[in-house]
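To keep things simple, chains are lettered A, B, C, D, E and F as they appear, and every chain counts its residues starting from 1.
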Amino acid sequence: MAQFDLPLAELEQYEPTLDEPADFDEFWAGTVAEARGHGDGVRVERVDSGLTEVTVDDVTFPGFGGHPVKAWLVRPARADGPLPAVVEFVGYGGGRGLPHEQLGLAAAGYAHLIMDTRGQGSGWGSGGDTPDPVGHAPASPGYLTRGILDPAEHYYRRVFTDGVRAVDAVRHLDGIDPARVAVAGTSQGGGIATAVAGLLPDVVAAAPNVPFLSDFRRAVQITDAHPYAEITQYLSVHREHEDAVWRTLSYLDGVSFARRARAAGLYSVALRDDICPPSTVYASYNAWGGSDKSIDVYPYNRHEGGQHYRFAPTLAFLRKHLGQA
Amino acid sequence: MAQFDLPLAELEQYEPTLDEPADFDEFWAGTVAEARGHGDGVRVERVDSGLTEVTVDDVTFPGFGGHPVKAWLVRPARADGPLPAVVEFVGYGGGRGLPHEQLGLAAAGYAHLIMDTRGQGSGWGSGGDTPDPVGHAPASPGYLTRGILDPAEHYYRRVFTDGVRAVDAVRHLDGIDPARVAVAGTSQGGGIATAVAGLLPDVVAAAPNVPFLSDFRRAVQITDAHPYAEITQYLSVHREHEDAVWRTLSYLDGVSFARRARAAGLYSVALRDDICPPSTVYASYNAWGGSDKSIDVYPYNRHEGGQHYRFAPTLAFLRKHLGQA
Amino acid sequence: MAQFDLPLAELEQYEPTLDEPADFDEFWAGTVAEARGHGDGVRVERVDSGLTEVTVDDVTFPGFGGHPVKAWLVRPARADGPLPAVVEFVGYGGGRGLPHEQLGLAAAGYAHLIMDTRGQGSGWGSGGDTPDPVGHAPASPGYLTRGILDPAEHYYRRVFTDGVRAVDAVRHLDGIDPARVAVAGTSQGGGIATAVAGLLPDVVAAAPNVPFLSDFRRAVQITDAHPYAEITQYLSVHREHEDAVWRTLSYLDGVSFARRARAAGLYSVALRDDICPPSTVYASYNAWGGSDKSIDVYPYNRHEGGQHYRFAPTLAFLRKHLGQA
Amino acid sequence: MAQFDLPLAELEQYEPTLDEPADFDEFWAGTVAEARGHGDGVRVERVDSGLTEVTVDDVTFPGFGGHPVKAWLVRPARADGPLPAVVEFVGYGGGRGLPHEQLGLAAAGYAHLIMDTRGQGSGWGSGGDTPDPVGHAPASPGYLTRGILDPAEHYYRRVFTDGVRAVDAVRHLDGIDPARVAVAGTSQGGGIATAVAGLLPDVVAAAPNVPFLSDFRRAVQITDAHPYAEITQYLSVHREHEDAVWRTLSYLDGVSFARRARAAGLYSVALRDDICPPSTVYASYNAWGGSDKSIDVYPYNRHEGGQHYRFAPTLAFLRKHLGQA
Amino acid sequence: MAQFDLPLAELEQYEPTLDEPADFDEFWAGTVAEARGHGDGVRVERVDSGLTEVTVDDVTFPGFGGHPVKAWLVRPARADGPLPAVVEFVGYGGGRGLPHEQLGLAAAGYAHLIMDTRGQGSGWGSGGDTPDPVGHAPASPGYLTRGILDPAEHYYRRVFTDGVRAVDAVRHLDGIDPARVAVAGTSQGGGIATAVAGLLPDVVAAAPNVPFLSDFRRAVQITDAHPYAEITQYLSVHREHEDAVWRTLSYLDGVSFARRARAAGLYSVALRDDICPPSTVYASYNAWGGSDKSIDVYPYNRHEGGQHYRFAPTLAFLRKHLGQA
Amino acid sequence: MAQFDLPLAELEQYEPTLDEPADFDEFWAGTVAEARGHGDGVRVERVDSGLTEVTVDDVTFPGFGGHPVKAWLVRPARADGPLPAVVEFVGYGGGRGLPHEQLGLAAAGYAHLIMDTRGQGSGWGSGGDTPDPVGHAPASPGYLTRGILDPAEHYYRRVFTDGVRAVDAVRHLDGIDPARVAVAGTSQGGGIATAVAGLLPDVVAAAPNVPFLSDFRRAVQITDAHPYAEITQYLSVHREHEDAVWRTLSYLDGVSFARRARAAGLYSVALRDDICPPSTVYASYNAWGGSDKSIDVYPYNRHEGGQHYRFAPTLAFLRKHLGQA
């Protein structure tokens, strides 16, 4: 993929005009309040993973609609004192996988909660365990157009709420310091992290890697790659629903969430990324409301971005904002 | 696509060993009974399509769970006396589309009901209008693995039931002769038609074109093409669910439905079809329980099979079994 | 396909500079006159299609060089009084197919003539029946470079003339109102319709959908997709024939025909269409010489454009200009 | 391309059952006689190619129907005494190209005639100069189905006749020894060489490299690759013409020509060739009627086969059968 | 990828006839002895990875020719007493990457040495750090045909020797129990592990996942996928080197190494794997010389095989043969 | 490939800003001097190619490091007096092939030396015979990143030096006029020719066809095609080596060599070439230091450019600058 988006200097200034709905905050405040109304009953079960240096817990917490959502919690085996926690969201189509897959943060001393994405987890990797009990009107293959005609019905309304509730849940767990919680994620996971940071301004730090789910109009204009192309496919069939589609997406745009975030932010972007084009990432980053923010640029990468190279700067970022474990 | 499946002579003898569950009939009898318990309230609204030689009705009938399912009913404008009816099901990913798209059967004097497939209709064509209000556990992209761990939860349990209810509905409509109803469909539509013919042995005739949804084990073994490959994808992630998957599919196999059918059957098969491989079509055809059956073979075609060439033999078949309109 | 052509605002103003030959009108007047010199002997044979609400005639009329050209004429079975007629041309590689394939216009009360494209019809669909008895110098695969070194030898000189003669023919048929004839077509069919409307200014209405065959230089510059790429392929081999190629094409450009049209015009364009890029469609539309013109834009579609969604606006357009049937 | 065809041991025994028409010899005798009735007027024009060690002549001879066919004749500049000649036919889609492209045989002391293939030459390479003035009924893209419904109309009837006439022509030229003429060619060129060797048993030697145009039924069964797939494509549209297609091809099958050949034969075959599958090559080779025959096998190659490695064994073969130049 | 190789029952019996050279053992004994002649000077440098629960050492040991080879050694931070060790080799094109990438074995209490593959590491992932200072004759892209004309020059002679020396090195390190060493690896890593187990029969356990580098003739016959296809590509160009190529590969075949192994063996195989086709994996497994062996079969996977699902059975296998850490 | 690079008018003005290193000349002077220090021992062996009009010599000369490099020398058989010579370099992945492959220049009276490219020759064609005895650090597949971290280690340092030494060698051969030597080549061969012309200003003429290896930064920016994409791939893995990579390439850029050339220059460029994008070709051409230069533009071609059409203008160019043979 050659560099197909704006030059870097323009990306750094790029700020799209969004038609953010007037009741955006009201919509989300109501959504979160309703979800919290289902209570805080978190279930934690110790898992025998065969690992000796970390412990693994199978966590079940109430998400949107009180629906049970699964997560892994991985921690150092010999921790004493409450730990800072990182809540991580996963990429499109994947699930929380198996608990030994991501050990880096626990091996660095953090409590690491990896949230399942409802209904996902059968596309790649090692699977997910969380149903989405809500059905949908005709939708193009994937998740992005499920409920696309009404923001209240949209799939990501439920997922973002699950993300908020994941932070709520981890803050209630034993051995966790509720004041020191960060959110993180790659691609879709970065999009969810952005939304959660926007909805929970007291999250301390957020690390969206090559985030998905922002500046939808530009994305649809500039790329044919999935998952953004699900919107194009939907509109190519349902030619009459254009207005409804854009209205619904205006409640879900990462740019709107980024504006509301107050956490420290560490982004990354890949300049040859046609899955999450750099302008859509910068749209979110440039809008970020936290005072301490930075972005790492990978000029030669596609959507894989920094991959394992993200670990060291992310760890440094977490050390700075969450402190030592 | 070269001829990759069995030679024709072997196809004509091909009968797979299926592990049909002992409670297959019970499962489906209970399913249909439960759906019928939601009543027969069909809504019919005349649509102004601009057409002068046929009329179009927008039909809404109660499907599985009583959920509203949409259909078009197209009829000759100047019909006098009750008409024989053809209930048609559509291919994977499509919806009922726009009412003027399929005028051949109405222009030949039949009442033609085209049923929407719940949740589908945004993949290609002109769209669908029927939600599937039921959610699902993690599933690979598509519909074939939604609810794959439990036959009671599986997506096609709902769809096949919708198909039965579509026949129920058309039999209740004014101007239709309930004794002269046929089912038809291409690909997924052929698979649904097979299931409905198996569940409603008093359907007079069935015309499955290159049908999908039969002999799943062979399909998964022999082809990489979607949608059968959704099963492969699911099992490639959820390596531990193999038994549950095959058990669920054993309640949905077109071969089991074909055995129970008593209608006249007109199949077609394409020998270079990797979407619905010829052996899976013959598995269904060879099992067909109706005494009057035949199959048209297209040796040089892929999944498109006979396409518009199907119209003339299908019309002759309908004339023979439904009589003149 | 992302939006790769000009932004919509620029498309609406786009007018390429063409090097239209001085003898363009002379060339075409002579061509049409010569063809008409072969007489008006149209043969019409009623076909038993099995349809009861419409009749089908197999029409053979003299095209370019007097060569016999086939068409289907489909009409309401119970028409009384002369009908307005729509002459339709088909897309690249296809033929007139089977007579039941397109019943919408007849079901709306019109006489519908579907012309075969000489030599085509074996690429997709249900086939064609019209030979092109004229050979050609070396040409790249396809039809666009047959006779490319001399406008008098070019394939589309013959096809456009066939189109003119199709209108001539339909006007001579019993039961047709010769004053109320429209032309229509999609892609190549739209290109032929444009040419015919330019050559027969008394055609009442023309509906080119995503038309092919206009602004060749821009097309070759901006897209790699076939069939325009046949020109590129030819010139990539015959590097010495560049001038001859562009000269020949200057006699065939849809923009030149559009300028000469006086019919009402209803265009459509798809903004992600790489087969018939939007700028080439707008080049034709913006040049259209009829006073009543409009264009429907499909921002999310590729070459399929509006597909079945075209039926309703086209029917409204025909009602307005041809009157009720 | 893995080895997809029969194992080598079975290839060496492979002899398909052909339904060769009873009047095969009559058909071709009449065809050749008719062509020869157009006279032997060959035009030879010296070309200034800039080459000093060889001379180049632009040859025009009367082919099928007396149509002018072009060829290059390349010879050593300092030849004294009549030369043995090699008549070469080119691959599908190409033309005779530019005269300096193939200098090996002339540099080895032979007269080398490279015949243009009528109507071809714009697909790749440096072009061709020979029109095919005969038109055709609807045909799939390419040449293989032009005139497919009638052997008298088929494109390759004309081309094979051109090949015969090329040998006739070269035998009449000054400086050529008419008793020492060989035919050669790769792919389509090998198929033409086979046909000419079958029609002119007094040709001394023939060297078909990975020849095309034999055992059509097997080819269509086993490969999807073009150009054989043109037949599949045609039949996938014109589903009703199956018998006519196979009848026509039975007059054109390389196996039938190979049976009639009496020349020494040097074949080559590539075991991973999906364009001209090895079984179709062996079908021709195993039928070859000349007593001195051999075949070189390239186990790791696709259709490129031996490429430049063919030069040395071909030169040895020519030295043996044509003698030193 | 459908199941393209032998059925499972035949795979379980599959034993190819190999032409193993008579001096195979001599060749390898000499090779290893020569490498060991370069001494055992291992350099170990503690790395600050930011991880708190494990330690990371950057290890440099003398490989083939005494060339310095890099590895990571990851161990639990709080280990007391000598640890059992797992020496792991990486997949084709990758390098040892970054030290935090694979923490599972260390988190389970083992010393985990990940060896760089010389010259590789720039194809994917996070890179490698080990040059291959030896050049090569013309080779197809990749590593498999470097030195293909002479076993003494072949690339994998050097790599397998590096693998032996990695085990030598780890056995000399402080804190490691030299009697409890296992080898493991996926794909190319599995091939190297097999070779090392064959060359060092006192290795306790070996876990080749979907191993590469065995039964080359079958691989070349049955698959087009890289890297095995590098051999095909080489032979498609160097048509004269067939014998030399097969001779060289006969010194490198995993089947020959597997015969000589005495370690416990845990294999895995994926039945839709076209990179390392199942028959080539079974060729190695069926030949395995250790008395305790088993193989896990993934019927629905391609080359990814069990992926993260391999961790649990591998850990159980290590617990059994290496004991608790 | 549509025209994706700058418009022609801008190409003609395009001059990138390069960061040419201050010690560029010193680096190369030292490199050439060191190579020449290995002596001029050229070995020439007459080959029996079967050709009668030309002679073929197998030439071995000392290249970089004194490593033996192979070449073919093809000459008219009946030459009297010393001949002007053309030294040709071949395209990426290929070797010198077989001696009969390129006979045009010898048939036009020139001595034609075709140099093997070390380590290449197994990717396509008929092979090469020259090892590269130097190994390398981790590199992406291909040759462009071998030694990428240090200009002294880079692969093309060796190859360009081989090219200089090829000219040195040909000038020492019997029957060659050392004052009349030209260099030529296509793609990589054109890049090498450019470098040699820059390093040997007394070369009389240079003909780089669609040359590779210039303006690397632009190439990496604008195209995804290989081989330039090898740089992208390397940097996508080794994210930390960006500066070192660009520094190394600054010693190898064709623009820097073109500036230093004094020979007459005949370039060609293809406007749809994504392998060697036109701007990178113009960057070299516009910098060319010789006073007599021209460029032929192929607007409709991809990387094949003029192909065989290059022969005539190249021959005219050679006649002008080397004189008649």
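As a convention for this text, a contact is a pair of C-beta atoms (placed from the backbone, for glycine too) under 8 Å apart; a residue touches a chain by one contact, two chains touch by 3 or more.
Everything quoted here is computed from the prediction, not taken from an experiment.
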Contact distance in steps, from chain A to chain D: 2
Interchain contact steps from chain A to chain E (minimum; 1 if touching): 1
Centre-to-centre distance between chain F and chain E (centres being mean Cα positions), rounded to whole Å: 39
Distance from chain F to chain C - Cα centre to Cα centre, in angstrom: 51
Contacts with two or more other chains, residues of chain E listed in rising order: 125-126, 309
Arrangement of touching chains [line / ring / star / complete / other]: other
Chains that touch, pairwise: A-B, A-C, A-E, A-F, B-C, B-D, B-E, C-D, C-F, D-E, D-F, E-F
Residues of chain D that touch chain E when the two form their complex: 1-3, 272, 298-302, 304, 306, 309
Complex interface listing, chain A residues touching chain B: 93, 95, 119-142, 145, 233-234, 237-238
Interfacial residue positions of chain F with respect to chain D in the complex: 50-54, 76-78, 97-98, 100-101, 103-104, 106-109, 125-126, 307-309, 311-312, 315-316, 319, 325
Of chain C, residues touching chain F in the complex: 220-224, 232, 235-236, 239, 242
